[in-house]
Structures are given as structure tokens and as C-alpha cells.
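As written, the chains take the letters A, B, C, D and E, and residue 1 is the first residue of each chain.
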Amino acid sequence: DQHLKFAPGEGAFSWDSFEALKSMDLSGEEISILGPWLGPDKELIESVVHYFEEATGADVEYSGSDSFEQQIVIDAEAGSPPNIAIFPQPGLAADLASKGLLAPLPAETADWIRDNYAAGQSWVDLGTYAGADGAEALYGFFYKVDVKSLVWYVPENFEDAGYDVPQTMEELKALTDQIVADGETPWCIGLGSGGATGWPATDWVEDMMLRINTPEDYDAWTTNELPFDDPKVIAAIEEFGAFARNDDYVSGGAGAVATTDFRDSPQGLFASPPQCYMHRQASFIPTFFPEGTEVGVDADFFYFPAYAEKDLGKPVLGAGTVWAITNDSKGAQAFMEFLKSPIAHEVWMAQKGFLTPHTGVNTEVYTDPTVAKMNGILLNADTFRFDGSDLMPGAIGAGVFWTGMVDYAGGKDAAEVAASIQSTWESIK
Amino acid sequence: MDQLLFAVSTIIVGVFGCVAYFYFSNILLDRIYPAKGPNAGANINKANAIRPWLFVLPALLVLSLYLVYPVFSTFFLSMRDTRGEFVGVDNYVWLAGDDKFRESLGNNLLWLVIVPAASTFFGLVAAGLTDRIKWGSVAQSLIFMPMAISFVGASVIWKFIYDYRGDNQGEQIGLLNAIVEGLGGTAQTWITMPFWNNIFLMIILIWIQTGFAMVILSAALKGISEETIEAAYLDGASPLQIFFKIKIPQIWGTIAVVWTTITVTVLKVFDIVFAMTNGQWGTQVLANLMYDWMFRGSPDFGRGSAIVMVIMVLVTPVMIWNISNAHKENR
Amino acid sequence: MANLTLTNVVKTYGKVNVLRDINLDISTGELIVFVGPSGCGKSTLLRMIAGLEKITDGTLQIDGEVVNDVPPSQRGIAMVFQSYALYPHMTVRDNMAFALNIAKKPKAEIDAAVDRAAKALQLDPYLDRLPKALSGGQRQRVAIGRAIVRDPKVYLFDEPLSNLDAALRVATRIEISQLKEAMPESTMIYVTHDQVEAMTLADRIVVLANKGIAQVGSPLELYERPRTEFVAQFIGSPAMNLLPGTITATGPQTEVTLDAGGVGRADIATTEADMGKQVNLGVRPEDLVQTDGDAIFTGKVEIVEALGEVTLLYLPAKMSVGEGADSANQTHLLAKLPGIHEQLKGQTVSLTADPSKLQIFHDGVTMRG
Amino acid sequence: MANLTLTNVVKTYGKVNVLRDINLDISTGELIVFVGPSGCGKSTLLRMIAGLEKITDGTLQIDGEVVNDVPPSQRGIAMVFQSYALYPHMTVRDNMAFALNIAKKPKAEIDAAVDRAAKALQLDPYLDRLPKALSGGQRQRVAIGRAIVRDPKVYLFDEPLSNLDAALRVATRIEISQLKEAMPESTMIYVTHDQVEAMTLADRIVVLANKGIAQVGSPLELYERPRTEFVAQFIGSPAMNLLPGTITATGPQTEVTLDAGGVGRADIATTEADMGKQVNLGVRPEDLVQTDGDAIFTGKVEIVEALGEVTLLYLPAKMSVGEGADSANQTHLLAKLPGIHEQLKGQTVSLTADPSKLQIFHDGVTMRG
Amino acid sequence: MEMAGTKSRLTWAVNLAVGFLVLLWIIPTFGLLVSSFRDRDAISTSGWWTALSASEQNVIVRADAPDNARPDGAVWVLTGNVFDSGSGNVTAFGITSREPEAFAPGEVATHARGHQITVEANGDYRITYPEEPSGNRGQRLFVRAESPPSFTLDNYREVMFAEGMGKALLNTLTVTIPATIIPILVAAFAAYALAWMEMPGRALLIAAIVGLLVVPLQVAFIPLLKLHNNIGIGKGYLGIWLAHTGFGLPLAVFLLRNYMAGLPGEIIESARVDGASDFAIFRKIILPLSFPALASFAIFQFLWVWNDLLVAKVFLGTGEDQVVMTGRIVDLLGSRGGDWEILAASAFVSIAVPIAVFFSLQRYLVRGLLAGSVKGG
């Protein structure tokens, strides 16, 4: 059909899964999907959706919103939600589930995930919430994940200066000092993000949590079993501070960290002369590289390494979007079913910026070697952990954690910040 | 094309429906209480007692449905927790002890003092001055422009003013820092400067609201009887004196309206703080705090609603002032 | 302290020409009254002198200096507006004190000036009221007070007394008169519709008509020697009767035989050449007296209006219709007899007048040298 | 078509009492004129009749029905406002047609009515102008025209002629007079400051003073038999002279010996009991004539005002100061002599008057039965 | 007013003052305007004011791929120009990120790998390889260059010709026009009653309406949408009109009442005596005379609705035929919203209509509307 990006039957796609979809006849069925993706991302999700429409005859309407959180809450509370919502954070989905605003997925889905997703159980856990009656059930289905433990750099700059990609945290710190010693600035860090200012710092802290504490501590932390003001957490915050609060380490000095927009901060890598040599950010960031930048050549990334001495393996921090049914219908159920099919993943994989834990997909469709490389990081991970702030209650993970980090970057004491976050957490229990 | 047709026809139906209501309800009233016959006098009085209500009815209906009812539901929500269970005044108790709330309250009071005063002042000056010159209407539309720029646009605009670049982050792209550096100073992170960052945020709202004040005040200035101004000229008053002693007192009522409106806008100000700092660095305000609790992450309508109730209590003095004004006018 | 000279002054609003070619000299200390039909441009002329209205063409000089472009406040004038123009937000006291406050006069002086004016205008009880709580007349008095408390070189009054009752009008008129006398240096220009005001106050009267000046002169001059029929009829109330006729005898005294049959003899010198000319004989209602002898006009009294001290008689007649005439004396001859004469209604009376008081107009212009 | 009855009507603004206890009967077809000093409540009374102002107390009946609470539009009245109250956004034509349009009269009828009124008021050239482009007098005429085009039961005029020139004023007065005659059924209430208007138009005059009605009567009644000094002085211009004196002879004719020495004899019957009473002798300026014999007053002429047909003489004298007096005749005796008498200035003249024209007031009230 | 002698130094001062004020107010917007003609990289690396004149900048250009080198005698040569547009002026160049300005134009730099590079002042570069090179990535050249101001219309192209923008404009108009007119009508009647009609509790009502000005919209969304869903309006135009009407009414009533109360009472009384009903007075006297107030409110309501995104998102559906322009524009921005160049361009695209509305309604903010109606202060 005119919409289909890749002609059925051609290439390495799992076309059989596409053909299988045709058994469903959903002509006349309308399915509305609300998600946070806009612009190019919207086009990408739509390109996937077209295959579902083509196969089943359903009419799917995806709409993106820059204020997704607000809108889904209003729509769900008011009783006119879309059929399916795509939550960027599991926290909000859990919240809606507890108010009875989500429809549980069929019981067999959990099993399917366990079988078909790498580390399936953890994805099931992340998508399982308590409903209005308190009973736990699987509500959320993860589709499209991001890797966050990445450090971006310009290979030619490293080459010019004679630096090597560090393999351990110790090497990374040594390299950092080396760059300073060479009279240059190692890092670009920007926490600015308008109304969400501060969130990039939470990723840093989470990555550090995983690098100095056990995964169990991390899990406990996200549920507040390990209090926020525990020395372990404070240590992680200070690890972040070791980079961000050192005037020599960050471009513009520590004072600029909080106000520099995260979208502007990678620009320093590409300046002449370079303003910095490294930038820790998730897999989406190339969108904000200068126009024409070719990832893999002009810029590249390496795994944000772990301490060799700590023996915590190679932890990877990631995130993903949770799909949930907010307004049950035959079409909605069918669409969730579609998300299980390899073709739903491959179509996006074949374009850009899509990682998936789905083990049944044909990774040959990746046209972008860097994405393949990211998948490599994902696969090499000894530990995969979901973004902690997304798991915390909204008031923390999308509230005081952000603001606390901004305060910390601004010079406040880590213990003080942690204590104040903890006290808010307690107030909402 | 279909939609154009639909749009046009709905516009016509909507607007005419509105007019028809007023027209026919009036006629109906006159039918019910005809101004003729044996008890014409009584009828007329009854009709006259009812008629004002006919006029305000649609407004009252819409208002109570779209504003009063939400206010009440907000009030009830403010006494519930996230699970919807009744918790009495717990949310208010929590509020009283919350640092962010205290900070917001303090900031809001600051906003309430500075923004309405400054916007009204600049609006008045702009209205007064542009009134006297040939290219006044062009000048007015330029000053008015910020009002017309969508909010997303405005937030970018001010990024280009307040942006800060550290030592080796390349040249400044924020105008303010470029000027400061041009004058030999050191660049500042304006939006994190304690206390002053509040002022920098207020400047944005002042920049926007001045256009509002200007348009309303300009209309009022134009309504002033010209002969009184001529008389004042003859009395030897300078243009400045005329402005302050003749024009301003005559539009005092309108100034009060503008002031009130901006005050209320300030209480609701949210977008600016949200987009520029999200209330960090000590710039939190009530409306943004409310938004945080209402829609961030996992919504807590109870607390959000409690904050809304506080905002509404804050407006009470303004309301009382308006009541007394309306009384005075009606003698 | 100021003399004014208007030279070829013209005023147009867009395309509407309102005044054309006004030439006028007003000397220091004069009190000039502008009269003329409603809408003839009196207010406009006043406003141009004040500087409130641009002068379209021509020049205005004050004390020999061209002031066309001098702003109003620099001209040293005070003006009483026809529509009051009170400051609605100020009390009566503040309205009157405004100009002095602006001039930064000492408070005591201001209070004294305001109190004096308020007393004279009987405004003392209202000093603390706002204009909207005043009656029409009271407002007008405040407007006058505002001019009085200042001490300008030139006063401009636009119908200042039109809303006052008779007693107060006389009082205020006299107040203005005394003001004038107390300040012989200040020049005053005064617009009025009131004959008595015009006659009693004016040093000279300017009659405006037809976008221009019809005649300038002292009140008596205008009354006794009107140059045109228009002025003759406009000055004096009721207006002068104009009776069409033909000159039947010339010489130092001229005889006019009226179309209606009567004969009038006027102390106006004419020459042979004027013989037989079609003219109008002008006679003021108040100059007519009942006679048994030679009558200018004989007719039946149709209407009698007894005004107390005088009685107006209306006698149907074929009159010459002048521009300045009342509609009444376009169809009736009017006579104004002292005393009460209600009994004359329906009777036929013969009327004559002193030859010295008659006027003769040819083509609308007086035949008096 | 309508008679009005006011019973104990009272008006207060807040605490300010403006009118108290007004009782008045106006019959169908009457033309009543309200006169009184500025601010005495004339406009207020008119506005209450129109229904624009709440009646604080008392009742107003139109055709026997209490209408205190009937809205203005239902009372069948037309009103000319003292302050014009034109619709600023409508042309003159639309202003005048407004009421008829509201009443959904056919277009032709409206046009005819407007054109007729415009012609009568000489407004035809301005029909398409907005009020702001009109002169003061033109605006006032539009306001009148607006009332005229309608055909109301009751006309209320608040100083309708105050901005018109003499000629137009007479013309409009006569227009109103004719209007009245053409519609003998319609009742008119008319506020004016103009003596002539009051005297010529009124069937009855209501003199308001001191928040109440001082006297009601026909014009001549008020002129000839004023009940109080106030009315005596208020009606007639210049005001009546009031000379203090003592009754020195009683009977059908009463003799008053003035404090200043003169003697006046009035055709007023008194009894012995009145002997020696302190009274004021009232004599109108126009009733004074020069005499060689017994003089009421002899004095030196200080000021002479020649008005053309008459001359005003001012003689310094100790006068009785009445409420309605001009400030002039609180210090001077005024005489109004027919003709021009400028030569009298500085001369001593003796003045007397006809006994039938003199008034005697005791405690401010007439002694006439 | 056409007063004599008004041309004076004062007029100058006023002109200057207005000029200054306008400048102050316009500079931020002007920055946005300039930015809307720049590309994103330029925006985030240099101040907008630098775009107005030629400026010296350090840039990195990639030379042609070594694969394209041609043999020239014993060596292999690669030539080209560092400027896309072909014009510019190089003041220094370098070949490593460490020393980006090491060489003056014309000097020869020798790369660690052995090849030699030279860049001329006009931007021409020449790379000579001792032996045949290979690779498809060219050498990075660090150039300090004076580049002329460069502007692009791409941003506007992207905004204006984005898919569905025309439809969205229509949708926006469908929302905006009734949502502007209906509240004006409803408010005008109410304002008249509150200003000129006798009714008990008037002052209280006025105050209550003023009080409602403060209600934050966000609290109204859920109950109202619930209401709409319950009574069957659901999401759609009717709902959004009503919503905008409700949200706009307090300000409208407040503004209009205040204005109407200031009209001269005699005019209204006169109309009353002329037999006009309240409806007729409203229509024929109050409405025309309130035009300045109506126009000002119309401007504000129009703007607010036009620029609104939130209310539209909540009360309108997401279908093609209900997405408004602001929604479409937000669509153009990536999910993380960093496309300032698009924001800037779209701000100016969407400002056009409001400014036109402002201009056309500004005519009604006229002077002397009441002139000649009454006399007296």
C-alpha cells in the first residue's frame, strides 16, 4: 500500500508475522492511541501502525501530545480516554491502574513476555501493577526501549589528542584528569529542560547507583525500602557530583550545569576547538547533534563503564515506553496482540533509534550499525535496570528528585538534598 | 470545503442562537406580563424585575457550569487523598508545613506587588504616549505583539535573552550576558540568581501583560471628554500634568480593572515559571506548585486542589475591593 | 494687557468652510461681544483665538505677535466653554483651583481666590461636590468661576450665562462687568445669544453671519445704524419690522410709500437718483406708537401678548422677509407698546414712529450715508 | 390627553433634601412653566415626572393613575434634556427618527415627521451629520426635534432654548406655541430661565424656591399680584425694587413713608391694625416715571445703561435685600425709562409710579388681600 | 484635537520615548524573528544578533573524500573549497582539534600521516598525498573564517507546508470565531444588566464574577470533560466553544460592565423616554457605543483561543478534522521539543492572524465616540 515503508515480502523482515495478522478482520474498528511522540517519532510510530491497519483493516489514529501526562490523566478521569496510551514512565501507568482506569492485559501475555523478551520476567514485573481492587495484574506492555548508559564522543578528537576509549570507570576518571591536565575540558553536562529541568542528573545518579551499589540496593531504592538519604544513595549522588561539580571537569564550569539546556549541551563536542570531549546521555541524543552529523563517524559512543574494582559487572540503565489499554475494545486488544509480532518491531528497527528486548526479531533489519552496537551493549549487560526516577512516584521521580538534583548541582549538600527528598517521599506514602 | 461549510453554518447557528435567545426571551416576557390591560403597572414592574435576570441568565449558567461547579468539585477534592478517601483538612495541614508552599506563597506575594504595578504603569505610559503621535497605532501593535505570540514562542524568546554560557562554552547566545560581557562584566546565570531570578521571570510577564494594559487603557483614554483636556491646556497645565491630573483620574475605574485583571493573571501564572525554571532555584509559585501536584507523575488531586483553594482565598481582598467599588458607583 | 488682531482668518473643517476672511482688531481692555445665528461660527472663532482649533488660513496676532502656532497655554487666556468642560473627577473647589495649583500659587492665595469667586457666584454651598451632583446652572457657574479665579490677559466666554436664571444672570453679568472694570487691562471676548447681555456688556459688538462679519460697532451704533437688514433684524428683540415700499420723496428726509398703503418719513438724506427705488422701510416694534394721524401702518390686531411691562401686538401684514427675521415677523407686523393693552385684541390700530428712528434699506443695505 | 397630579412629592439625594412637599395639579392641554433659581430642583422635578428619578415620597398620578413605579417608556412622555443627551453615534436624522423607529412606524411617516421637524428647526442641512460636528445651538435643536417628531401625551422641556440665538429662540418659541395650539390635548411642562419665554408661553407659571413651590398662577397674575417678595423680584427683569418703609396711612389706598424719605401710595386696602407696620414698598423699574411732583424716590443717577429702546438708571439707595434680588438692586434703585436718556447720568431725578402698580410686603408676604 | 502649537520639542520627546519603549519591547521578539531565519546549529552556537552582520567563526569542514584524490605527477591531490556558498574569507586554519588556528592562509600544514594541507584565504584548499590515499571520510579542516550573514527560509517552509496545516488552520478558525463571538454576546448582555438595570444583589454578582477570574483552568478540565461526556457532547467543537465561553466570560463581563457603566446616563435615559425597551437600548445604544470595549475584549479572547493548545487538547478530539494549528505545530517539534528554529518560525506564522485581527479591531478603539452627546462634566 502507499503507506507501507517496506514492501511486504521484501528484505529480511519477518513477513510471516505480518501475514498472520491478516487473520483478524477489524474493518470499521477504530483504535485511538495517545502517546508522547511528536514530530519524527510520530512518523516512525505511524509507519509501524500502517502495517497493522493494512493487515486488519482497522483504523488507527495515533496522536501525540507534549503534555501527555496531563492529558491522559484528564481524559482517563473524565471518561473519554483513548483506547491505548503509551506511557513514557511506568509510574503514571501504575497510578492509573490503581484507580481502575487501565484494562488488564490477557493473562497469557505475561507468559509471552517471559518467553519472548530478553530478561522477560523483569519486563513483566515492570508492567504489573495493583488494580483498583488491589489485585496485581499485568497492565503494561513494553515496546521500544532506550539505553541510557552511553557516553558520546568525537572519535577524531580523541585521535587528535591521542586518547583511548576507557574501559573502566577508573580509566574514565583517569582520562578525565588527563584531559584537564592537557588544558581542555572533559565533559559537557546540561540539566536544563524547561519544566523538566534536572532529569538528566537523575540518570547520572541512577547510573552511579548501579556502579557503586548492588542491583538489589537499586531496586530497594526505587521503592524507598532503601531510603533516599541512605549513605549509599548519598554516595551515588556525590559520585555524580564528582563530575558535575568540578569546575575543571565541565564545560562552562559547575555553575553552568544546571542552566545549560540538555539539548544544547552536546554541541560542545563539535565546536572548534572542542569545548568538551565526552557527553553522557541516552540513545536519543543524536537528534540534537549538529545537522549532518553522522553517528559512528563524526560522533560515536561508548559504554559508560563500571568500576573494575567493585565487581558489579556491567550494569546498564535503560528506559522504555509502556503501552496500556485505557479503553478496552476488540481493536485495542488486537493492537496489543500486534505489538507482540516481530514485524511491529522490525519496521521501526529498520528505520532508526529503536531497541527492543524482543528475541524473536531478525536483527538483520538494523540498517544503522550504531543501533546494532547499542543492542550489543544491551546484550552484554550483566544487569539491566529500568530508569529509577520513572519507577518512583511522580512527586519524587518527576518532582523533588529533579529539583533536588538541580539544587545539588547548584552547590547544596548531598545529604541535605537527599533528606529533603526523603521527607517528601514520606509525606506522600 | 465541507468543514468550511460546517464552520460557517455552526458559527451562524451559534451566534444567532445566542441573539435569538435574548430576543425571544424578551418578547416572551412581554407576552407574559403585557404592559397593557388592567394591571399594566404591576406587570411592568414584574417584567422589569425579571428582565435583568434574562440578560444575565446565559452568563450565569455558563459561569456556574464552567467555573463555579469546578470550584466546588475542587473544594471537595481538596479534602480527599490520592485514593479519593475523605481526609478532612489533612491536605491543608500538609500544605502549611510544606517548604515549597511557603516559598511559593512568598514569591506569589512578590509577583502580586510587582507585576500588576509594573504592567499597568508601562501600559499606561505606552497608551498615554502613543495616543499623541502619528505612528501611535503602529507602536501600539509592536508593544502589543508579545501578547499575540504563542506561549511556546515566548519561552524561546526569553531563552535568547537569559541564556548563559560558561567560560569555554563558546560565545553567549543570551542577549543579556552578551551585553554584560560587552560592557566588561562577567556573564551571570540569571535564572538561578537567588531572589533576582524571580524578578527576571516577572519581567517576562510584565513584557507580555503591558500590551493588555495598554490596549484597555488606550480605549479608556480615548473616551475622555476632549473638552476637559482643552480646558486643562488653557488652564496652563503641561501635557504631563494633564496626563496625571486630568486623564488618569478620569480613567481610574479602568486602571482598577486592569490592575485587578493582571493581579488575577499573576495568581494564575504558571507557564512562565514552568517553562523557564519549573519553580527551581527558589522561583516556585502557587499555580505551578498546583500543576506539579495535579499532573506530574502520579497525580495527587487532593493536594493540588488544596493549593487552588489557597489561590482563590488570595483573591478575596480583590473581590471585596470590587464589591465596594460597585457599591460606590451605584450610590 | 493684550490686543488681538485677526487678519484674513479662515476656518474649514475638511471641505466645510465655516469662516472666511475674518478681519478684526480688538484693543487692550475692550469687551467684544460676538453675536450671530446659531452655527455661524462664534464658538469656532473663539476656539481659534484660544488656540484649541488650528487656523486654516490667515493670521492671529496677540500684542503684535503672530500666535498661530503658539500653544493655548502660552497665550495667557481663560475660556468658559459652552459645554462647561468641568473636570468630572474634581470637586467644585478643585475645579476652580486647578489653574492656580498648576501655576504653583501659594495655598492661601488660591483659597482666597476660590472663596471670593465662589461667593460671588453663590457656589459656596457646593464647593465640595462633584460636578455630576450639580444642576445645569450650577455647573455653568463653576465654569465661569474657573475662569475668574485666574487672572488672564484675555477672557473668552462662550455663552456663559445661558443656563442661569434671570436673577443670577443679571448678577453674573454685573459681576463680569465689574470684573472688567476692576481690570481695565484685560481683554474680553464674549459670545452670547442674549440681546440684553450683548447690549449692556459690549464695548463693541461683532455680528457674525454668512461665514463672515456682518458689522462691527458699539451696541447703540448697531441698534441705531444697522448697516444691513440682517443686522437690523438680528439686533433688537422682537426683530425690526421690514415693510416693502417705494421712495416717493427725497431730500434730507425721505418719504417711503409702503406697498400696504401707509407712508413713512425717515430722517435719512437721499438724492433725486433714489426716487422710485424699491426699498424696505425698517421700524422697530418698540418705536411704533398708536396714532390718530398719518400712519405708517394700519391693521387689525390679531394676537396680543401681555408681558407685564409691555404688550406685543401682532398685525397680519405683507412683510419683507429678511434673513435675520423671526418667523413671526415674516407674516406679521409687531408692535411693542408699554403697559398692558389686552383690550386691543381684534381692534384696528394705526401705528406710526418717530422719523429719526426709521431705517431704509435698498437691496438689503442701509441708505443712510 | 393627560392630566398630572403631584401629591406631597418629596425628593432626597442621599441625605440632601432637594424638593419637599410638592403639590401640583396640571390639567390636560395646559402648558406649565417651571421657573426658579438655578439649582432649586426644576430639572429634578421634571425627571421625576418623566420617571427617570425615583420619587422619594408622595405620589405622581397621570390621568388619575399612580405612576410612581411605571417606567419612563410607558408614561407617554417626550423629554428634551438640558444637556441634550443626543445619541453620539447616530446622525441627526437617526437621532430624530429613533423613537419612531422604536415604535415601528412606517418609514415614510418617519421621514415625513423628521423632515417637517428639521425644516421647522432649520436643521435640514445637518441631517446627515453626527452630533459632534454641530454647534451648541444646533445640538439643542436636534434635542428639541427629537421630542417634536414624536406625538406624546406629555412634553417635558428642560431649558430647550438656552443655546439658541434670539431670532431662533423666538422662532422656536413660536414653533412650540403653535405645536401646543395644534395639539390642544397635549400637556407641556417647560423649564426656562427666560422671562419672556415664561410669560409668553405659559398658561400657568410655577415658581419654585426653597425646595418648594412659591406661587402658581398665570403670568400676569404673578407679575401683577406676586404673593411674596421672592416671586415679586424673581418675575420681571430687572427685578422689582423693594424699598423699606412704614405704613403711615391705611384705607383702600395705603400710604407708605419710606425710610429714605419718599412717599408711596398703593391701591391696596389696609386696616387700622396695619398702621405703623414695617413694610417694603415694591415698585418695578419699568413702572417708575420721572416726576416733578410727589416722588417715591429722589436720587442721583449713578449708572446709565442705554439698551436702545429703553434706558436703565441706577440710583444708589438703601434697599431691602430680598432673596430673589439681583445684586444690583440690593444697593441701587433701578428705573427703566423708555427711550434713550444718556444725558441723565449724574443728575438728580425724582421718580414716582402709578398707585395701581405698587406692592406692599410685610414679612416678605404681600398685604394684598 | 487639532490644537495650535502642538509641534514642539515635546512631540520630539514623546516620539523618542515611544521609540525607546517600542525598542525595549520589540528586541526580544526581534531576536526570535532573526532566529526564525537561522538554522538550529547557528541558533545554539551564536547569538542572534551576530547573524545580522558578517562574523568571524571557527568552523569545522570536512574535505572531500580521499578516494576522490587525483594523481598529479608524483603526488595525489585533492582540491576544493571550504565554503558551501563559495564566498568567504579564511583568516586562519588548522588540521587538528587541538590547534584549530595554527596556520595562516596559504601556509602548508603537514599532517601526522604525511599529507600536506594548505588553505587559501578565499577558502580553496589543496591536499597533497605522497601516495594514493583511500577512505570515504575526508580530512577535517578547522577554519577560522569570516562568513557573511546567512539566512534560510527552511524553517518557514517546514512550518507552513507541513502536512495538514491548511486543514488545521481551518479547524482553528472553526474554534476561534464562535469562541470569540459567543462570549462577547453573552457577556455584553450580562454587563449591560449589571451596569444599567436595577436588580437586587448586583454588586455581589459583579464581585462574584470578578472572583471567578481567578479559577485556574486546569481544575476545570476533568469535571467539565466528564460533564461533556455525560451529557453526550463528548469531545468536539460545541464543547470547546462552551468551554472557551465559560473561561472567557469573567474577563468579558468585567471589562464590558466597567466600560458600560461609564457611558453617560442621560443618553440611556433619553432612549428610555423615547420608548426603547432594554433590548432596544442595548442593541441600538449600548452596543455601538461600547465598541472600543468590545473590540479590546475581542482581541484578547481571539488571541487566547488562537494560541491555546491546552483547552483544545482536552476538549477536542484528535482526528484530522479537529486538530488545531497549535497542535500541528507542536507535532513538528520532536518529542523532546528542542527545535527552536521551528518554534521561532511557527511563532511568526501563527502571529500573523492575531496581528491582523488586532489591526482591524484597533480602528474601533476610537476617540470621541461620545463627543457631542451631553454637556457638563
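Methods note: a contact is a pair of C-beta atoms (placed from the backbone, for glycine too) under 8 Å apart; a residue touches a chain by one contact, two chains touch by 3 or more.
Heads up on the chains, UniProt names are B, E = Alpha-glucoside ABC transporter permease; C, D = Sugar ABC transporter ATP-binding protein.
The structure presented is a predicted model; accordingly, all values stated were derived computationally and were not measured.
Enquirer: Both chain B and chain D are touched by which chains?
Expert: In this structure, the chains that contact chain D and also chain B are C, E.
Enquirer: Taking the touch definition from the top, what connected groups remain once chain C is excluded?
Expert: Without chain C in the graph, we get one piece.
Enquirer: Can you name the chain that lies farthest from chain E, using the mean of each chain's Cα atoms as its centre?
Expert: D
Enquirer: Select the chain whose centre, defined as the mean of its C-alpha atoms, is least distant from the mean of all protein C-alpha atoms.
Expert: Closest to the centre of all protein C-alpha atoms: chain B.
Enquirer: Let me have the rounded angstrom distance from the C-alpha centre of chain A over to the C-alpha centre of chain C, please.
Expert: Chain centroid spacing, chain A to chain C, equals 94 Å.
Enquirer: Rounded to a whole Å, what is the gap between the Cα centroids of chain A and chain B?
Expert: About 39 Å separates the centre of chain A from that of chain B.
Enquirer: Distance-wise, how many Å sit between the C-alpha centres of chain B and chain E, to the nearest whole number?
Expert: Spacing between the chain centres: roughly 20 Å.
Enquirer: Starting from the mean Cα coordinates of chain D and chain E, work out the distance between those two points in Å.
Expert: The separation of the two C-alpha centroids amounts to 68 Å.
Enquirer: Would you please write down the residue numbers of chain E that are in contact with two or more other chains?
Expert: 1, 3, 44-45, 218, 223-224, 277, 330, 368-371, 375-377 - these are the residues of chain E that touch more than one other chain.
Enquirer: Please list all residues of chain A that touch 2 or more other chains.
Expert: 67, 70, 73, 194, 261, 267, 271 - these are the residues of chain A that touch more than one other chain.
Enquirer: Of all residues in chain B, which are in touch with two or more distinct other chains?
Expert: Touching at least two other chains: 48, 159, 170, 225, 228, 230, 233, 294-295.
Enquirer: Hey, which residues of chain E end up touching chain B in the complex?
Expert: 1, 3, 10-11, 14-15, 17-18, 21-22, 25-29, 31-32, 35, 43-50, 167, 170-171, 173-174, 177-178, 181-182, 185-187, 189-190, 192-194, 197-199, 202-220, 223-224, 227, 237, 241-243, 245-247, 249-251, 253-255, 258-259, 261-262, 277-279, 282, 292-293, 295-296, 299-300, 303, 307, 309, 321, 326, 329-330, 340, 343-344, 346-348, 350-351, 354-355, 358-359, 362, 365-371, 377
Enquirer: Considering only the defined contacts, which chain B positions touch chain D in the complex?
Expert: It is residues 35, 40-41, 44-45, 48, 331 of chain B that touch chain D.
Enquirer: So in the complex, which bits of chain D are touching chain E?
Expert: Within the complex, chain D contacts chain E at residues 50-52, 71-73, 77-79, 81, 83-89, 98-99, 102-103, 130-134, 136, 139, 146, 150.
Enquirer: Can you list the residues on chain D that touch chain C in the complex?
Expert: That would be residues 13, 35-39, 41-44, 82-83, 133-138, 141, 158-159, 162-171, 174-175, 193-196, 199-200, 219-220, 223-224, 233-239, 284, 286-287, 305-310, 312, 324-328, 336, 338, 340 of chain D.
Enquirer: Would you tell me which residues of chain A are touching chain E in their complex?
Expert: Contacts found on chain A: 32, 34, 36-42, 61, 63-67, 70-71, 73-75, 77-80, 82, 154, 156-157, 160-161, 193-194, 261, 263-264, 267, 270-274, 284, 287-288, 290-291, 297.
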